[in-house]
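For reference, chains read A, B, C and D in written order, and residue numbers begin at 1 within each chain.
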Amino acid sequence: MQKLEKFEIRTDLALEANEQVNKSDTKLKGIIVKEDHNKKLGVLVTRLTVTNKMGEKAINKPMGNYITIESQKLASGDEEYNNQISEIIAKNILELIKEHLTKKKLSILVVGLGNRDVTPDSLGPDVVDNIFIDRHYNEEGDIVLSGMVPGVMAQTGMETAEIIKGIVNEAKPDIVIAIDALAARNSSRLNTTVQLSDKGIHPGSGVGNHRTGITQETIGVPVIAIGVPTVIDAPTIVNDTMENLIKAFSTSKELQGLVKTLSDFTPTEKYNLIKEIISPEMADMYVTPKDVDATIKRIGYTLSDAINIAAGKK
Amino acid sequence: MQKLEKFEIRTDLALEANEQVNKSDTKLKGIIVKEDHNKKLGVLVTRLTVTNKMGEKAINKPMGNYITIESQKLASGDEEYNNQISEIIAKNILELIKEHLTKKKLSILVVGLGNRDVTPDSLGPDVVDNIFIDRHYNEEGDIVLSGMVPGVMAQTGMETAEIIKGIVNEAKPDIVIAIDALAARNSSRLNTTVQLSDKGIHPGSGVGNHRTGITQETIGVPVIAIGVPTVIDAPTIVNDTMENLIKAFSTSKELQGLVKTLSDFTPTEKYNLIKEIISPEMADMYVTPKDVDATIKRIGYTLSDAINIAAGKK
Amino acid sequence: MQKLEKFEIRTDLALEANEQVNKSDTKLKGIIVKEDHNKKLGVLVTRLTVTNKMGEKAINKPMGNYITIESQKLASGDEEYNNQISEIIAKNILELIKEHLTKKKLSILVVGLGNRDVTPDSLGPDVVDNIFIDRHYNEEGDIVLSGMVPGVMAQTGMETAEIIKGIVNEAKPDIVIAIDALAARNSSRLNTTVQLSDKGIHPGSGVGNHRTGITQETIGVPVIAIGVPTVIDAPTIVNDTMENLIKAFSTSKELQGLVKTLSDFTPTEKYNLIKEIISPEMADMYVTPKDVDATIKRIGYTLSDAINIAAGKK
Amino acid sequence: MQKLEKFEIRTDLALEANEQVNKSDTKLKGIIVKEDHNKKLGVLVTRLTVTNKMGEKAINKPMGNYITIESQKLASGDEEYNNQISEIIAKNILELIKEHLTKKKLSILVVGLGNRDVTPDSLGPDVVDNIFIDRHYNEEGDIVLSGMVPGVMAQTGMETAEIIKGIVNEAKPDIVIAIDALAARNSSRLNTTVQLSDKGIHPGSGVGNHRTGITQETIGVPVIAIGVPTVIDAPTIVNDTMENLIKAFSTSKELQGLVKTLSDFTPTEKYNLIKEIISPEMADMYVTPKDVDATIKRIGYTLSDAINIAAGKK
């Protein structure tokens, strides 16, 4: 068995990375967290800022702002509820791009990452389909929107970052907003969490696993990333079940050994252990609920509405 | 922990059910199995017939014929290979309907079960999209084809069996061929196995879990079922990983207890144990490969071709 | 040239049929028309009732209620405007089914007619995709909704009426609401008119030309038809151009003959003349705007919202 | 009425442009035409080369090669027939790119122009969906393929040429093959004609009317254009009907004037006359057959097969 790297924490959500770290190192510097709880809506907004290299190393995310919006009803609320969530997301998008809002006419390119033909990975394309695109005729607006669905490498034969960089070079938007479906590392986050970040999309993220990052460094303009976990990482489901098994067996004398052994592992170590023993072909699998079509439609609509609101289109 | 029912074997594949049984009861009567190995193509065709009540009880499948066609390259072969597989499937479809072929004009209704909007569950609708439908104008053919995509209950609010029965009553086909995506209970069967049966689709089968069976009893005409596992049942992936874990730990003295305890379980008992401790929300989840769109397209084409060939349309 | 039948008026819109008739016969009995103009929204609601056989014969529509809702902004209004139109349509749906509303639990089957794969004909399927289906779990609601997309004959090999009748026999809804895309006989009606009727869909209607009617007589329960012209009939576009040509040429002495000849024709006679001389293959063609995808999406959403509102789902 | 420009011939097909010209100027220089008739298949291949400025001016097409493949059964043949057509198209694609075939590893980007959501305009996207993309993993092939569906301006807010140019700059293919659905100017060409050209796509071409050309000049690498008329231009249908009307009326004394007047017009003048008197909103309309979904699927498959064959993928 390969030696487990102590800090090799792999999750697309900064919040989750931070939770894992806190358990072993509570006096972490370089990470500021502010929570804002809207009890009426049942929404928790967490603003996490990575301020220095120490913070970067601790949670394995680059310096920048990470806003997490959590709601148990993200995929199941009624239309009015969704509208209120859209308003909250819109406000937070504006917060992340506020320094650019002074520009007379801000041109935003919305990129829908993922594979349109694989339901849980179609969130990004779905969002772009519902954006009020107006770059080609809007003469006056403060913000003009363009949109793009680059496809995935199996469809195009090209790196997604390559495609976006090329288009950015020609169309010269001021900012890119990239929407992506993520693989949750914790079942409870599935379809309940939206992460906004001003640091783009990093390699290995997303249901479709982008090989190259989509960041200001790779494409040339700032990238606001909007990610929602819509599938669960296969090892996660095994790990969660294992925990249940250990609890169930913890009174059995014969199994004390296993319980003791596994109790010594940190969550990360346990996850990595599972990842090693899971069948290799499972690495390319994900776990998805049966009603994923309805979920994606709902969340996609909430996100496109949020972007339309932020851009003053509705 | 709920007491495990000895014979509660739940798999859509008769072959798999039979494998599990053989281990505990080798002198099984009422089940006849014939294998036909095409080494050149790497295809194994297994004809399993349940001939009496004892057989029915043993593998929990009604009396009838179950033909399993296995090929590792079902989803990855080239066009020529797929054509040969289509020919083999076509021949076996004809075998299952041979008693009806004496009819002057045989009317077959092809029903694509599953949800068109959820990629791994869209196999049935995909197949129907590529069938050469000719019931409405073919005056002469020996076999005429009609087709139907009934949708799933979340889309229609109706039982699929209700919809099919109604249409059968009006359109009066002689036979229904129902195509369905299945949830594999064994990862190695994923996208490698086609099961044909002359006994229809049973409750609880399929990615989308039909509540009522689609059988001659419920819809009024014989039902040939064609099923392909396109997703893996969530407990299966945990179970498989567990086996790997136990193997890895089997030399550890501390874990002898666990190994011993689990070794006493039959595969069915182990699967049911996992199913109990898996988080309840996982019951509605399935595991799917990332490139499921390409796989479904390929297998769907192979199956629609098989039906078109069997019906003399190409 | 075949003799033109005097009263062979062929349009799916009762309002249009009535307009054509009025010109030659102003004292028509058996037809009652009431207009209701909402100037603020720019919406004209016309309630036309055919009360006896004379009315039936005059406009070639069976006795019943025909409500036409006209708005120039049906496909181009903003979300708030669309919501208001949905409310108006909902109110009129309820008016047409008011006698059934006394039933304790009213079961409505919404049928999306047309071909999902041909954009202007996909209005019906689009509407059903956005209906809040709840027949399978709603225990309490006053109205429960089920939904169905039967497909077109080229896809199924079966008459649409056959399919619907079969499903109605099994699922036993109290009413069917059938949504269909129509071919306009007047370019100004394209995407601006919604017709509701309590007399179902008649043969030859719709973009896809249903061969059999979908009416209480053919399927067994009352049918509320909702139709929107989304394409233009090919002869219409020729006819309209011809009129322009005649106007342009009316001052030319040489062409006085043509002008005079054509002036003697009623609109119906002119249309039928065009229909005869148009190339035969054009009979299966329709004229559609280039941005038909956006139009269908918008109108589909407005209609599904209307049905959801009428059924108390939002 | 605006004065009609003598040479303003507007058709995407060089062959059609050439036909119109021949009538008035039979000794045209600068245009070489070679016909190759495969009687067994009923296929006519016409190779038209524009060799100098005189030719350019005559048919309003830039110097280059234009290959037209005509078959009445393009959309209605069986699978075997389609395969033979694919072989013919493949051979002609190779002819147009033969000077590039000496390159060790030729990288071709296949671009599917048009709107995926409007059936007759979805030919390009359909073709790309069925190309064997291998640029991302093929280490050895002589030809590697990448693919892209850029969308239309209403969806992206960007010029299609802008998007393609950007991607070409990054991914550096040697050649672009651009597939586009065209608007026929002659009903008989609908779904029966494939035009290949080594001079790219010109402004105003296509169902969706590209504003900027997609040519070596605009995107930086040679562009092979493959176009198929899948809709008919609205004025064309009026014009065709008009011709029939005139024939029908030519014996009427009263209409001699009209017949005489219109007989003096060249086909181009007549078309332009119609275009002027047609209702302005009709300019954005097209005429399409009802079974356009089946047609696009069939032709799309034939073209993708042709490209796969040309690139040695099957």
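The rule is simple: contacts are C-beta pairs under 8 Å (C-beta built on N, C-alpha and C of every residue); 3 or more make two chains touch, one makes a residue touch a chain.
Owing to the predicted nature of the structure, the values given are computational and were not obtained by experimental measurement.
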{"item": "Pair with more cross-chain C-beta pairs in contact, given C-D and B-D", "value": "C-D"}
{"item": "Listed pair (A-C, A-B or B-C) duplicating the A-D contact set, over half by residue number", "value": "B-C"}
{"item": "Inter-chain centre distance, chain C versus chain D - centres from mean C-alpha coordinates, in Å", "value": "35"}
{"item": "Rounded Å distance, chain B centre to chain D centre (Cα mean)", "value": "45"}
{"item": "Chain A residues counted as touching two or more neighbouring chains", "value": "154"}
{"item": "Chain C to chain D touching residues, read off their complex", "value": "1, 115, 117-119, 121, 154, 187, 207-209, 232, 234, 237-238, 240-242, 244-245, 248-249, 252-258, 260-261, 274, 277-279, 281-282, 284-294"}
{"item": "Chain D-facing residues of chain A, complex", "value": "128-129, 133-136, 144-149, 151, 153-159, 162-163, 165-171"}
{"item": "Footprint of chain B on chain D - complex, ascending", "value": "78-79, 314"}
